């Protein structure tokens, strides 16, 4: 769960543009962020814990001089939450200086780390980016060609990786051969942009050109875009980008996210025979599902819950009923809308189920007669291995439970999930081209034997 | 534009509850905030510029010991934006110590100030609260009875004022005889609450009991609620609370805000003969209008604009097209939803019109064939004198323009406003009981002759 | 314990000069500070808790535009430590706007406050400055002349007060008729300065012109200096400015502070028959005493204790031996200099005696054979009523103890204080012109009966 | 210019002790600081730019749990000023985790870096510590023994290095075979301490045990101290620690710093035939020189300049005469002491000479008749290669100038430096055992050919 962006301009300083692009990608990670620019041959670096608006000031943006650079917003999948793990990761070698920002998850990172360690390499962070950076440096030292070096490294990496890389001569974008995480190319007024999502282009008034292809290496040198390919046998586009992670106004792999979500709502409506008065989303991410459902069923679309826009990551004072309070601070039922009503309530997905239970209780306390939970994503039964932060199977509410068991646990009057075939239909991409690992347990890459628990846990083991 | 709250508990510290309540009222003012609690006879004060989450830390909340207190969020109507004007305002006198938080606008403040000055009184802020505080102290010194003192002050005040007042013995709520600004009473687990809006009760798990009546003085002493009345000839409930200012999940003067907004959308739909494909709101405040319209017309309700939730009051770097950038950072069109579409676009109100123009341009650039602006509030032709921060008549786009002129200026294909009769119908309160001053120029109080420009300007004149 | 400064320039912004002057006066108060400037008719205000370098940034200095202004550093004597009490105190009245900064202590403040309260005045701080400001406003409203108003207020004030006052037309300096606290006039390159100590002139490259005379009112209007006099029956220059409070490089009432301290050392040496090896100061304030003693006795002057320059007001972590640690962090003995030595150790004064005990123990632990304490100020037996923050008589180690008892308590091998006659001789000003209240209990003003405890305590009583 | 410390306790958390020790060592570096502790096998890290009191809060100290750890204060000699270069440097490898803090300068760092790079190693900082850390990891991976690994690395390092190293099992102190930088062992109440200077022991109430010997490796494992030796052919104790860098209350290589400085003053007095009235130091570092001179000559020791204790590293506003202002803010002449006087003014050393010129001018402006500059360190003619930050030979005022030329340039009436023989006599250590490189250009290590300019410049070249 990260967002990345790289920007090149012929002449202008671009730190402000990276700042705006990171604001547009902030939903992809709120833990830390960073920008690296290059002024002539010199790298300028600013990183910090927190939101983009918290880390960067006008003064810092000014210091980040240079006409080319990369940026990163991070939500940790691997590695612990600390400043050492903030990206972009910057390394210096007399032959090549690199700044690198990564979105994804390298599955064989432990094996790669062990190999590097055998040659004496030690590490300052617990990120994949550091491993990738050292691998690239070593191949570059051997071959002296950055594209060749990256290809050699791609041969070694198993997993998902969308990368932006800054060298002393190039701005480079890389997407893994499976294309798990999105990466797109945009062009604006004198600028070239590579970014996780197309919303980054919108904010810069740049036009979406095309996706970076799975296995493609995009090199921007002196403003010219070159393209290189590493063979891609199959693709495995992450379905979760569509149902939850990406912004609804983004277009991923050529498919508008909003449309997918609206269609999911429609498809679920067609199969749903429940009697109800209104359909409502848990805002904001479930809105298009509920709208689609409402249109298909011709059932009133109503706001049942209002989100407090001023509760960001506010501290919660230590209280007895802390978790309940946290939900109540964020979401407030509109009593007049739900009283004595049978409510269809849409969520984008259910992971642990605890929040769902609290929200249903909120609505019932506000007078809802029935609450029928509808979930715009099939049951998540397995942890993601390719870049979405998820708990272990034991913690996943759908890990070992039937739908009926889940329904009882969250206190819904009925519970329906999207089914996988409808998910595929809504996305409009063949099943074989998608990654459905968290739904089916069938991952598009061979997982190292030992690693059937989330990789984060492995990293913690390494650490001690 | 302010939010106020007072909380009493028999035994518990209530600073955390005031903090949560202010979070729920944050939409009423983001410039500064403050909390005053009373521990035995001692007042504890914390105030600062910025959002509630920025000003208060767990440590500060801990310092605010005491079982009774008041809080305030402020958006300046009168007085300049500076820490001296942050509320609650606290004064100390050997006979009575007061902390006071005010929502509203005193129309005859200059006259009152002059009278006080004649007796030698000087001032440290440019707030109404300071004037009110000094008036109360003086009457209390004369009569020795706080309720009597407040009534005497009410005789002098012209304008709108919902107040919470903390003394060494009482927590007091006051609503002006016109009842312009809302004020409600709630009761929760061992606590009594007076707050601007009912959402403050929801977050505290407290129940709404009733509104403070126009002209009523609520005194909470040792946990007992007493009620006193100052005569109220007529009411003048602010219509703008319904169409824009209050949260949709609040109930104001017995009427749920969401319902009013939804009904406005329905009423406008009934009179609207435009041909269009979809109806969309400018999020978040215009959502219920668009939903109501959609239901009445059976026209698809669609999200055309996505709001970036991470752009708070972020600094905008100095740029050429700064204002345009600001809009683009906040709102992004969903191209797939608007391309080649005829869009009905709802806004809650148009004040200056500049933002409307930029948003319409955004949608057209994203491919919208037509943009038909619908406004859930009749044209604002006059400045508000009773507590909503508005520009002068010259700056109001509807101040001296016809609808057609406005339409051309904002670049809409058509433009329709709610009409006043439908506004009254939607609110469901008789015209005579509402304040429609900013629509008609007929204010419920006699305005001092000189004061046909916003009072803020007067205050600035006083200052120099 | 405060420092004040006012600066006028014909044309330049002077906030930076006020900033430098406050840095030079920082020793007079470290709790809070503030600057008020006037740009045309507009007052600019910045105040905060902490040191001058902590409160002011280049950005804030820039905001403080204007060619005339005043500044203040505060260590609370009266009033509690909070932002409301930071000075300058600013009040606004249609007839006159005032900013006022005060050094001293008004003895009859409670009586004055009561009189103001009788007329309905309430207060926002617990400072003398607020009282003085309101009194001036009231007299100005009556008479319309600022000098006349100030004279009327001087008739009412009992106690010590050096003031700088900023109005919309004037910069004013006032010194009480007793001249208790210092105040001087300086002239520099296009600037006129009024400041507590001459070191403020040095830093501005300004020349000392003369002291403000006791009872004098200095008015700077359009760059012209006018002088007005309130009758001064006698003076009562504070002796503590010479022995401890002022900087050694200042000249107070025409007498260089360094010279007074050096002479005190010499006079004490003449009467001292103790056998010792070296003489050392507790740095920094006792250095000139020890140098004078060393010269007179021809005894080696040696640094026995090194002060850590990086320990400002650092937080001390909660520890068992916190106080001891605090002393050890600040002062470290030079073992090689004290081992097996008989040390004459100079301090400027002993208030509670606890620090003296710890320092003597430090030296003994470092191997000092004998430690003979010498104190450059006679025993402080009574609290100061005129502006120096001191504890009650009970807490003063010399309040009710003989010299021998004190010696035993602090663990010195011998203890000698300066005697009062030598103090007078060293200062070179007649006894009748000095305030020796804290030494003799004979104060130069009639104290209100009730106030034989420090006034701070009274204020705390008022508060509740 | 750095300070290092390591502390071991059987049971207690020691982060607070590291904090106090760093406060005592703060004079050795004010740019950045850091602490790493070990709790069981887990490293806790806190680093930041600025003073110890600015970087560490009670909260951060609490997070740094663990009974063993190391700390560092840094003033950059090599590497640029940025957070990436803050120490201790921490690396992680499955075979060994290391935190390392370094005081000194590795002369052959470029060569070492190139060798590491040849094997593919890239770097995240420009510090020697990173190089040393990677070298140790590699040797450890080869041999599996930490002491053996360190010895192998010592064989490769040319230059000065006092190190404290934290591993998962040991706390280690290392001093280079020349013993250029100091390092001492102390023992306190249940704690063992290794620190740059003995003042760190004083603040912890620990006793100095002995110096770490040149070439010695001290290993603290489970509370037991082991000692290992790398052969030391000769020593080269830095003379500059005695004349300027160390605190006067420290004991370096068995010699008290204060005594050396006092003796230097005496020796200079014996050879000095100038007629003068008083002798004064530039505070604080030159005080013991002036005291020694005063005693030997029986000439009055007088404070001529008072240092403002509140000017830390305050920002200086952009002004015309900025540099002059900076001096005036820090140092103020005591006019009464210097007027019409012939002043002997002591400084510890002259590097560029610009400050000396300004101070002499200050004294002359204050009325000094003559200012005779005396310098407690022989002329610095060559840059230091072993850890003191100095400018290039061209920038050193004594680099290519005669004493008479320097005298004219700084505006002194006479100028005398300590001569080298007297320096040696004052320190009391044979010439062959000292490093006098910056005085004579004869360095105790063979310098790589190319590196006759300060190494910092080389590093800047590497960077681009």
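To keep things simple, chains are lettered A, B, C and D as they appear, and every chain counts its residues starting from 1.
Definition applied: a contact is a pair of C-beta atoms (placed from the backbone, for glycine too) under 8 Å apart; a residue touches a chain by one contact, two chains touch by 3 or more.
Remember, predicted model here, so these are calculated numbers, not experimental data.
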- Co-neighbours of subunit C and subunit B - touch as defined: none
- Task: Determine, using the mean of C-alpha atoms as each chain's centre, which chain is farthest from subunit D.
- Result: B
- Inter-centroid spacing, subunit D versus subunit B (mean Cα positions, whole Å): 61
- What whole-Å value do you get for the distance between subunit A and subunit B if each is reduced to the mean of its CA atoms? 37
- Quick one: report the Å distance separating subunit A from subunit D, using the average Cα coordinate of each chain. 48
- For subunit D, write out the residues touching at least two other chains, lowest number first. none
- Query: Touch graph across the chains, line, ring, star, complete or other?
  - Reply: ring
- Query: According to the definition of touch, which chains form touching pairs?
  - Reply: A-B, A-D, B-C, C-D
- Once bound in the complex, which stretches of subunit D touch subunit A? 40-42, 45, 82, 84, 90-96, 98, 113-114, 117-124, 126, 133-134, 137-138, 141, 462-464
- Message: Quick check: in the complex, which residue numbers of subunit A touch subunit B?
- Response: 16, 19-20, 23-24, 26-27, 30, 51-53, 57-58, 61, 199, 202-203, 205, 247-249, 251, 256, 258-259, 284, 287-288, 291, 294-295, 298, 300-303, 306, 308-312, 314-315, 317-319, 325, 328-329, 332-337
